[in-house]
Every structure is written in structure tokens, then in C-alpha cells.
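Shared between the two complexes below is subunit A, which has subunit B as its partner in the first and subunit C in the second.
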Partner chain A sequence: MALARKALFEAKTADAVARVGIADLPRGGKWISEIRQTALMRLHAQGMPGRRDEYWKFTRPDDLASRDSIPAKLLVTDEKPMFTDIDRLRLVFVDGVFDAEQSDPLVEENLEIETLAEAGARDIHWARDLYGVLVQRGQSPVDRPFATLNTAIAAEGVVIRVTGKVARPVSLHYKRKNAHSDAWLHNLIKVEIGGDVTLLENGPAAARINTVLEVDVADGGAFHHVRAQGRDHERRATTHIFARLGTESTFKSFTLTVNGALTRNECVIELLGDDAHATVAGASVGDGVFHQDDTVFITHDAINCESRQVFKKVLRNGATGVFQGKILVKAGAQKTDGYQISQGLLLDDDSQFLAKPELEIYADDVACSHGSTVGAIDENALFYLMSRGIPRALAQNMLVLSFLAAALEEIEADPLRDDIRDRLERWVERHHA
Partner chain B sequence: MLKIENLHVKLEVEDKEILKGITLTVPDGEVHAIMGPNGSGKSTMSYVLSGKNGYQVTGGSAHLDGTNLLDMDPDERAAIGLFLAFQYPVEIPGVGNMTFLRTAVNSQRKARGEKELSSGEFLKLIRAKAASLKIDAEMLKRPVNVGFSGGEKKRNEILQMAMLEPKMCILDETDSGLDVDAMKLVSEGVNALRDGKRSFLVITHYQRLLDHIKPDVVHIMADGRIIKSGGPDLALEVENNGYADLLAEVA
Partner chain C sequence: MTESADKVQVKEGVDQDTVDAVQSVGEKYKYGFSTDIEMDFAPLGVNEDIVRLISAKNEEPEWMTEWRLAAFRRWQQMEEPDWAMVNYPEIDFQDIYYYAKPKSMNIKPKSLDDVDPELLKTYAKLGIPLKEQMILAGVEGADGVPAEARNVAVDAVFDSVSVGTTFKKELAKAGVIFCPISEAIREHPELVKKYLGSVVPQSDNFYATLNSAVFSDGSFVYIPPGVRCPMELSTYFRINAENTGQFERTLIIADKGSHVSYLEGCTAPKRDENQLHAAVVELVILEDAEVKYSTVQNWYPGDEDGKGGIYNFVTKRADCRGDRSKVMWTQVETGSAVTWKYPSCILRGDDSSGEFYSIAIANNYQQADTGTKMVHLGKNTKSRIVSKGISAGRAQNTYRGLVSMHPKAKNSRNYTQCDSLLIGDKCGAHTVPYIEVKNNSSRVEHEATTSKVDDDQLFYCRQRGIPEEAALALIVNGFAKEVLQALPMEFAMEAQALVAISLEGSVG
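This part shows the complex of A and B:
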């Protein structure tokens, strides 16, 4: 048995080395080179996940871990990009590479913003003390080798310091021109005391994309995040959010996932200051052989914090939805209010929703609830709508949107929520039965 | 005119006959009440007429103005003028009441080959009708029936009826869960829709609703059959003596 385990470990390590072997570590200043070297060493110890890993029980990591990415045909669409009516600071990445020409000048009040390449090229930079730190904190109790790998080799992304309330959202707009792009993005956001910023992400990023977003929110700071993993049927994505929250700070993240061959979104949040709030929510819709995994780990390590996880998945024609969500309440994290709900709506018999909700609590004065359901369209509601003269297909569409509504409610800003709803309405119309 | 002839219905999943030969005609402009003990098949009849799944018609027919209802989907029945006010209106989170109503009105207009209402036209129409039912703008904006009180739900049903202007309205225990004031409000809403042509089938347990909505004919239903029909006095008889005497009469 021990031998078998050793062999498996060696195989995984070799795999990891092979994976990294395809690219030399990116060039950069001393500080970032050191961080990358350290991450690489850790990766050798971790190895890449295999199918036997409990954390990858519902999602096969093979196509994310393979040396070569699988080409993904570009989806031709005349759909209007999202967030276009919102005044925003727009940064464009094409196949995972920053495009200064298409981007706005990186100037905004209460914001210091640089590309990762610029920041990393410096000898000294404030990011030195934070870059990769939250990734590293998030490796316990579960290894997250894809994030470690990202830290070692990502050369693109943005580094942002928020010193006050930022008037307009920072928008990362992804475009894809290449069917073979294999991209790495690492974004770092430091919200200083009382800082307040909204980050938007949208568009097809690459044929295969691995992203890390590290967010450090200081006392009284606020971070809002709305992300649309845009229509791109064949792409494979593994994304990570690592957040650390200070006293009375706020973190809210919403993700829309539409189709996509493979999506694994991991979100790791630590509530370290009292009275902090974290919400992570998502709506995903899949019509076809698409796999959409949301994996969340929230640690309460302070008093009177609140966390919410709200995930809704609509699945049809062979789509698989996965939710793994954990709330860990550490000893002393009294008055914790933890809420978690994950629901799958199956529109046929070919689709599946797999959920693993977990609570681990070491404090005695907490209120935690979790629920997970899977079901079909409510026949009673369908009859009610049809009895008013609404045809079946239209009634079903209304009920799909109704099902998703609770997740969308977690988006605070009306215009952003409207944009997401609009996108979903059009998806539902295109894909109705 | 609603014409039901010798209608036999059983549950789809088990061999249990619920309606055992209902014959009933509601001419244009009339209000008919159906009373009867629990489990007599009153609600089943309303569901079968409006097309709910789960029932199998094993015999007989039901026509609205000569059109066979039983072959149609629920939305088609609605489009030709049938309306069911639910005993338990369904909550639809995330769908605004106004959006729901406009979709319903315009779906029916479309099915009938009529021009759809613009949002301006629709707003004008709904504001007038909502006001008379004491339904405020806030209630129109909220998701369909979500967080509505029992009375609000029933008023919302009547508002839908007023907006959709059906030929034939079935009210399934619309008085259940209503206090005296709410019952008055709902009844006024119904009476406002009486125009000499529109017909009503009012299902109720209690005579008091019929004090407000005066029926032309009262039918007593028991064990899947109509056992007696008569004038408004029949409802009073039930109120005073219960169903026992009537049941004994036919036994």
C-alpha cells in the first residue's frame, strides 16, 4: 500500500514537473522571481491532482493538468459584450496578454494600478509582501496545485492598490483570437483601510485559462466582484479567488458561468477580522456536455462575521453541475452566521448535479445553515403560468429565470445585476425546450 | 357558454375515479355556484377544465362556446377565454407581478391574432384595475405572490381575471382564507366583471360568499356527481342543515 502511494506520488510529481517544463519561469525582478521559485518548489512537493484526489472527485482534472491544452474552436457570436453601458476603467487582455492599445490609461483616483509585468520588473514593490501569500494560506487543509502552478508561471495580470472609494469599476475584458491559447493570469488586489472597489471580468479569456485573484481587504474596506465567464463552448478554465478579510470589511463575488467544456471555480475566503461579511454566489447554465464546478471554502476565524454562499445551476443535455462548499468555524469564532445554499435545476434526465456541502464547527455560539436541492421544473408553477395563457416554452423560461433569481439577488449594484439578468434571459431564449 | 356532459375523470397514477358523470351547463352571463362536502371533486373539476396534468378523462366532454376544451393545452384554453382563480395561488420568485401579467395578456392576444399591448397601454390599463382592488404599485412590482398575505393573493387572482377579461371564470374556493373585509373586496371585484355575457362558476364551501356574489343557480356536488341543483335558496339550506339531509335524499 505504502509502495503504491509512493509510486502515485512520484508519478504526480513527474507530471507536475513535466507540466511546468513546457515554459521557463517568466522573467522579472528579484522579488517576484523568488516568489516564483518558491512556488515551483512547492508544486514539486504537491504534484498535480489526479482522479483519486477527494477534492477532485466530481471533476476530472486531466484536461486542466495536461501538458498540452486541447484546442478550443472560437465561438462566433454577435452578442453585445457585457458591461458596455457602465462607466468603467477598461483593461483588455487578448489570449491572456495585456493589450495596452485597447485599454484605458491606467489612471484613476484612489487607485494604484499596474500590470503584473511592470510591477514584477521592479526591484522593490509593495506587492512583494502579498503576491502569492494568500495562495499559500489557502493551501491548507487542501492542496491547490493549480494555484501554486499559476503563482510560479503567470506573467500576466494586474496589481492594484485601493486607497479610497474608487468611482468606477475596474473592468478586465478578455478576448480570444487563438484556438490554442493556454493562458495564465494572476491578479492581486490590496484594498487599504476604508478602500472600496468593484472589479468586473468578462469575455472568453483563452482556450485554456488558469487564473488566480488574490484580494486582501483591510479593516472597513469593501471589494465587489462580478464576473461573467462568457460564452465560449470549448474552453477550459480553472479559476481561483483567495480573499482575506479584516475587521468590518466586505467581500462580495458573483460569477456567471455559461456553457464551457470545463470550469472549475475555486474560492477560498478567510474572515480574520470581527464583523466582516463575505458573499460568494454564482449562477451557471449549461446546455450540452459542459462541466461546471464551484468549489468554495470559507473559514471563520473572528467574532460576529457573516458569510453567504448561494449557487444555482440550470442543466440540460448532458451538462454536469458540481458544488463543493465548506464552512469552517474555528474555535473562538463566536456569533458566526454562515449560510450556504446550492441548487440544481435539471431540465432533462441526461444532466446531473453533484453537491458536497460541509460544515465544520469548533465554536459553540454560531448559526450555520446549509441546504442543497436538485429537482425539475415545478409542475404546479408551470400550470399556473400556462393557465394564464403563457405558452409552455415561455412559461418554462420564466421559471428557469425565477430559479436563478436568488443568486442574482446577491449582486448589489442594480446595473450589474440587470446586465447579468439580460445575459441569462438571452441564453434561456436561445436554449429553450 | 360552458357545457359539460357526462364527464368522467380518474387520477392518472391510480385507478380512482373522482368525477363520475358530471353534466352542467353555464349559459352566458350566469353565475353558478358549486357547493359540496370535502372530497366531492369540486377542485378536481376546476383543474380538469383548465388542463392540469395528473388527471385522465375517461368519458364525456367539456366545451366552451362549442370548442372542445379537453384537447387543448392550458394556455390555449386560457386564450379562448377560460380562467381559473386558484385556491392556492403559486409563488413565483424572481418574476415581477407586472412582467407576469403583461406576458400573460400579450400571450393571449398573440394567440388570438390580436395586437400586443405596448408597455404604455398595459400600464394604463393595470393601474386603473389595480386601484379598484386596492393593489398598490409596490404589490405590482413584487415577485408573483411572494410574501403576499392570503387576502393579497386572492386579490391578485381577481386582478389577473380583470386584466385577462375571460369569458368563463372559475373561482376555486376564492373565499378560503379571507376575512370579512377581504371577502367583500374580492366579491366587488368579481361583481364588477359581471356584464351580462361573462359567466362564472363559483366553487365554495360556504354560503356567505354567495351573499356577495349572487348566484343564478346552485349545484350540490357529492362523490363526483351533481346531486341537486336549484336556486339561491339551496345554498341557504346547506348553510342551515349541512349536507346530511341532501345526501340522504339521493341515497
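This part shows the complex of A and C:
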């Protein structure tokens, strides 16, 4: 019995080892080389996820874990990129590599910003105490080998220190030229006491992209994040956010996912200071054989914190929507207010919604609610609109957009929300029945 | 070792339940006594010889022995599951007696005077009315005693054997078969062969497979087409002997258009060692038939320090095979040190429906991981889940469930509501629902909340002079009312009392 388990484990580890050896690790300064080697050792112990892993019950990790990425055609579109009209500090990555020429100068008030390549080249850096640390904290109770792997081998990304309120959002704009690109990005953001920053991410990053975003928000700090994942149909993405929140701090992240062969977005948040707030929200739309997985794990380990998870998924023509959400309330985390809602709207019979909205609670004076619903368009609502002269297709589009609206409401800044809404409206128009 | 906390003599008549219920409020685990009685044991441990021995003791035909051996061989290849949110020391499956039978059952007693007085006393203490008691103790001829206005036919399983089944004649008149499964294997092999293992296959899971190999007895029910069972059926499980596991198997077949309500109760003595109970319940429900299955699970939960108690690892599943068939699981879980139990519904027939109502109460160091699976396969199938988990002391209570709408289960519906209540800050409440929807004409709704006993409600009651403990019981009962209402009358009273018992001393 034990032998079978061991064999399985060894096979998984061997697979991981086959992909990476110490020699494959990127070159860098002392601090980052040590962190990368430690991560690699850890990966050897963890192995890569297999189909039988409970945490991968709804999403097959094979294409993410395979040695070579599957080529993905580039999407040809005349659509103007997201956030174009927003005044921002723009950093451009092409196939996962920083492009200084296309990027703005890395200068901004209340901000220290470097590329990972620059920061990693030094022998000592403040990021030493944080880089890979939040990833490591997020490995319990569930292993997240793709994040460990990223820590070991990612050579690109940004390292940001926020010392006050930053006027313009920092924007990571991803572009693709290569149908075979297999990219690894690791971004680190340290929001110091009273710091306040918004991070934007958009664009098709690579045929296969693995990202890690580590965010440490100190007391009273605020971090806002709005992300639009590239809608190039064949790309595969596995993304991770690891956040740690101090007293009275705020963390808000929103992700728009449109199509994509495979998307797995993991978000791991620890509320460690009292009165902190975290929101993770997402709207995803899929029309075709696409797979969109949002996996969230929020740990309450302080008093009087609030967390919100709001996910809406519209699915059609073989699309699969997955939501795995968890609220863990540790002993002593009294007065926790945990909210979680996940909803799937199935526009036809070929699509599916799979959810696991989980609670684990060890404190008695808390209120944790979670809800999950799945169904088709409400025929009564449709009839109501049509009886008022609205054509069926338009009425359906209106209902789809209103279904998604609650997730969009979680975005604080109006211009960003409008941009996302605009994008969704056009998607719905393009894809109406 | 005989414990005498319960000095009340059982009186004749149906109101005894009420008397017990009222008296039991505020008492500790009152079924914790043990009966000093001579037993026949199989040798310690499990192997193919033990499986053959159990089969031989039950005078089983060859096919049954082979069925058991196949299960045993499969079990040896299996691993104990570890995904549930429960922790307990490793079980030594070779340190358990798999068969224990009261010696006095070797020769059937002829009259009340011949019945082992200890066995009699056991039934008295468990609150079985006297007329049934005579039959339960295996007295021949007692079947002739006229039935009460509201009767419950009882099959009593004591350790590894069924010691008696009441009202068999009355039931036979309606064509209902209600007997120990050991008897059914001998006397109704065609039914057993056809249905045994058809809902929970031999290789279903670790504990069910073990059960398939070593089950010693249990109840068998067959309701013929169109028959509404004239009375409620009930099985009372009692673990008595030390170091003994109980592995009972229940098989209920509701033929086309039939109807039956089945109750199940269970208790065990207080002991410092943990004891294993691994049962399998299979329900086969054909067209237009309806089964209501109610459980009050009150196995010994261990003492206030978490010492002793039953490990209750149970597989219960209903197969709604026919169109418009219906099943309702109702459970009140207050006992056991560790519970691992997911009564499930396979909604195969079109328009079939499944309901699951559960209250799980965990106190002291109890751990409960329980819930249900609703597997929608047929069109227009409906399911409803109402689960209430209450944790107190250092207990952990987990709801784990699955709602699955297969692509062909068009126009199906599920509604799930699971609430958890925590009493004190050292316990835990967890919810692990799985939702899988693979067609768009179905609708699934899941809601869950975890909350504390409302201080305002508690204050309101205290202000009106209700003692704190009584107030707490009142609030929790209100919270659990939805589940209790689904119980048959006999159990509703008992369950209310159990809610109060389990919450005793937990304020603080």
C-alpha cells in the first residue's frame, strides 16, 4: 500500500526534476541564488501536481506541468489594449522579457521600482526578506508546486517598494510575438506603512505563462490590483497571488478572464493584522472549449477583519468554470466577517460549473457566509424584458452583463471599472446567441 | 462492570419515550452501562479463516462465502482514507473481535423465565416496551401478543447477532419481509443475490469493503409492489462486548409503488478503549416507491477528556432506481468519538427525489465529518439538503457534501442549506461542499453560514428567568427545528432531549 503511494510520489518528483536542475537556475546575486536553490529543493520534495491531487480535482494540471509548452497561436485583433486611456507608469514585457525601450522610465514619487533582473544581480537586497517568503508561507496546508517552481526559475518581473501614496498606477503590459513562448514572471511588492499603490496587468503574456505576485502590505497600507488576462484563445496560464496584510491595511484584487485554453488563478491571502480588509473578485467569460479556474484561500488570523470573495462566470460552448474558495478562520480570529459568493451562468448545455466553496472555522464569534449558485438565464427576466419590446438577443446580453455587474462593483476606481465593463460589453456583443 | 446511573424502570406503554426524553434532559450519556453476559467470540483479528467462520456461523451458502472472501481480498489491497477532517490513532484491525454472540442465544429461550435476565435488563434500560421486549429476548410464542395502536416492529442487533424481530407475523400478512439479514441470505437468496452490493459495491471504499467481508448481521427489508408498510420498522443496534467491532449490513428494497418508514437507533457502553463500528446500508427504491430512513445515532462519544468512544465509519446509500421514487434521510448525530458518514442519494430514475436532513452535535473531543452526496442522473430530479452542525467543547464538526448534476439530468434542482453553530472558542465548524453542474437547465443553490449563539437571544431568555443551559438548549433546538420536524414522532421527542444532553455544561 505504502509502496504504491511512494512510487506515485517518486514519479511526480522525477517529472519535476526532469524539468529543472540546479544548472538551469537563472544566474543572479548571492541572495536570490540562495532563495532559488532552496525553492528547487522544496520542489523536489513536493513533486508536481497530478490528476489525483484533491486540489486539482476540477482542473487537469498536465499541460501546465509538461516539459514543453504547447504552441499557442497569436490573436490578431484591432482592439486597443486595456487601460490605454489611463495615466500610468507602463512597463512592457514581451514574451515574458522586460523591454526597456517600450517602457516608461522607472521613476515615480513614493516608489522604488526595479526589474527583477536588476534587483537579483545584487549581492544583497531588501527583497531578500520577502522574495519567495510569502510563496513559502502559502504552501500550507496545500502544496503549490507551480509557485515553488516559479520562485526557483523566474528571472523576470519587477520589485517594487511603496513608501507613500503613488499617484499613477503601475502597469505591467504583456505582449506576445512568439507562438512557443514559455514565460515565468515573479513580481514583488512591498507596501510600507501608509503606502498606497495600484497595480494593473494586461495583455497576452506568453503561450504558457506562470506568474507569481507577492504582496506585503504593512499597517495602514493599501494595494489595489486590476488584471485583464489575455484573451488569446490557446494560451495556458497559471497565476498566483500571495498577500500578507498588516493592521488596518487593504488589499483588493480583481481579475477579468476571457477565454483561454487553460487558466488557473490562485490567490492566497493572510490577514495578520487586526481590522484588515481583503477583497478578491473575478469575472470570467468563456465561449468555446476553455477552462477557467479561480482558487482562493483566505486565512483570518487577526481580530475584526473582513474578507470578500466575489466570482461570476458566464459559460458557453463547452466552457468550464471552476471556483475553489476557502475561508480559514483561525482560533482567536474573533469578529471575522467572511463573505464568499460564486455564481455560474450556463448559456447552454455543453458548459459546466464546478465549485467547492469551503469554510474552516475555529472561532465562535464570527460570521462567515458563502453561497454558490448555478443555473441558466432566468426565463422570467428574459420574458419581462422582451415583453417591453427588447429583442431577445439584446435582452439576454443585458442579463449577462447585469449578472457580471456584482463582481465589477468590487473595483474601486471608476475609470478602471468602466474599462473592464466596456471590454465585457463588447465581448457579449461579439458572442451573443 | 455495570453502571447504575439510570435507576428508572421502564414502564409499559408508548409514552415511555416521552418519560425517557424528559428524564434524560440534564443527564450524562445514559446508555453507557454494559451488560455482564457470557459471549462466544471468534478468535481475535481478521483473515480468510475468520471470514469463513462468520459465514459458517450464519449458515451461509457457498456463494455468500465467496462474495465475502472476494471483498476481503480486495480490502487487503486498500488504504484507509485520510481525507476526512478527523484525527485518531491508527486502528489495529487485527486487535478487534469480528464476531461476538451472547451464549444464551445458542439455544432459543422458551419462556420469559428462561431468558437471560441480563439480556432482559439491557432491553429494559434501552427503553424497549415490554411486549416488544418479550419478543426481542427471543421468546417463542410472544408474537401472538396483540399489537398496540401505534406499533413499531423492531429488529434488535446485539453485538454481532440479531436477537429478535418483532411483529413478523403482522408484517407477513402485508407481504413485508422484515428479518435479520443472516436469515434473509438463507431464506430469500434470490432477493439478496440480486440486490446485495448493487448500491454499495464490495469495493466501494475501505470500510464498506471490510464490512462486505465480515458483516455478521443486520436487517433486511422487502416491501412488495404497492404495499404501504403497516407499521414503522426499526433496528436497534447495541454494541456490548469489549474490543469488539460491529459490522452490520442493512438492505432495504422498496418495490414499485411501496412505502416504508424505517428508524435506526444505536448505543454502546462507556469504555476507555475505542471501538469500531463500520456499517453499510443499502436502499433500493423502485418506481413510485418511497423510503424514509431516520437515524438517531447515539453511540458512546467518549468521556469529557476524549477517552474512549465509538469510531463510526458508515456507508449509507440510496439508489432511486425507478422513476418518481423518493428517499428521505434524516439523521440526528450526537454520539460517537469519530463519525465518518455520508448518506447519499443516487437519483437515477426520472422525477426521483432525495432529501437529507441532518443535525450533528459534537461535544467535548468528538469529531464528526458527515454530509451527503446527491448524484442527479435522471431528468427532473430534485434534492434538498438541510444540515445543521453544532460544535461545543473541543469538538470538530465538518459538513462534507456533493451535489452533482450530470449532463443528462435536465431540469433538475438542488437546494442546500448548511449552518454551523459554535459554542465556545475551542471548537471548530467546517463546510466542504462540492458542486458540479454539467447542464444548464438545472439549478443548484448553496448557502451556508456559521454563527455564534446570538447573545441577544440568550439575554432575552435569561431575562425571563430561564436558566442559561435551558436557554441554550432552547435556542439550539429552534435552530435545529427544521431537521427535527422531519423525524418520525417517536424520535422527535428523543432527539430534542438529546440536543439538550449534548449541550450540557458547554456554556462558558
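Operating definition for what follows: the second predicted complex is superposed on the first by the 430 of 433 C-alpha atoms of A that agree within 3 Å, B and C clash if a C-alpha of one lies under 4 Å from a C-alpha of the other, contacts with A are read in each partner's own complex, and residues count from 1 in each chain.
The rule is short, and it goes like this: contacts are C-beta pairs under 8 Å (C-beta built on N, C-alpha and C of every residue); 3 or more make two chains touch, one makes a residue touch a chain.
This structure is a prediction, so every number in the text was calculated from the model and none was measured.
Steric overlap between subunit B and subunit C is absent once the structures are superposed on subunit A; the two fit side by side.
In the superposed model, A:123 makes contact with neither subunit B nor subunit C. Legend: residue contacts after superposition of the two complexes on their common chain; A:381 is shown touching subunit B, with no touch to subunit C. Judged by the number of subunit A residues each one touches, C leads among subunit B and subunit C. In the superposition on chain A, contact is made by A:364 with subunit C only, not with subunit B.
In the superposition on chain A, no contact is made by A:78 with either subunit B or subunit C.
Applying the stated contact rule after C-alpha superposition, one finds that A:404 touches subunit B and leaves subunit C untouched.
Using the contact criterion defined above for the overlaid structures, shared-chain residue A:346 touches subunit C, although it does not reach subunit B. Contact with subunit B, but none with subunit C, is seen for A:390 once the two complexes are overlaid on the shared chain. After the two structures are overlaid on chain A, the closest C-alpha atoms of subunit B and subunit C sit 13 Å apart. Put simply, subunit A touches subunit B in their complex at residues 378-381, 383-392, 394-395, 398-399, 401-406, 408-409.
If you check the complex, the residues on subunit B that touch subunit A are 50-53, 73-75, 77-79, 83-84, 86, 89-90, 92-95, 100, 103-105, 107-108, 111, 143, 160, 164. The touching residues of subunit C, when paired with subunit A in their complex, are 77-79, 83, 85, 405, 407, 410, 420, 422-452. By the touch criterion given at the top, residues 1, 5, 54, 57, 331-332, 334, 344, 346-349, 351-376 of subunit A touch subunit C in their complex.
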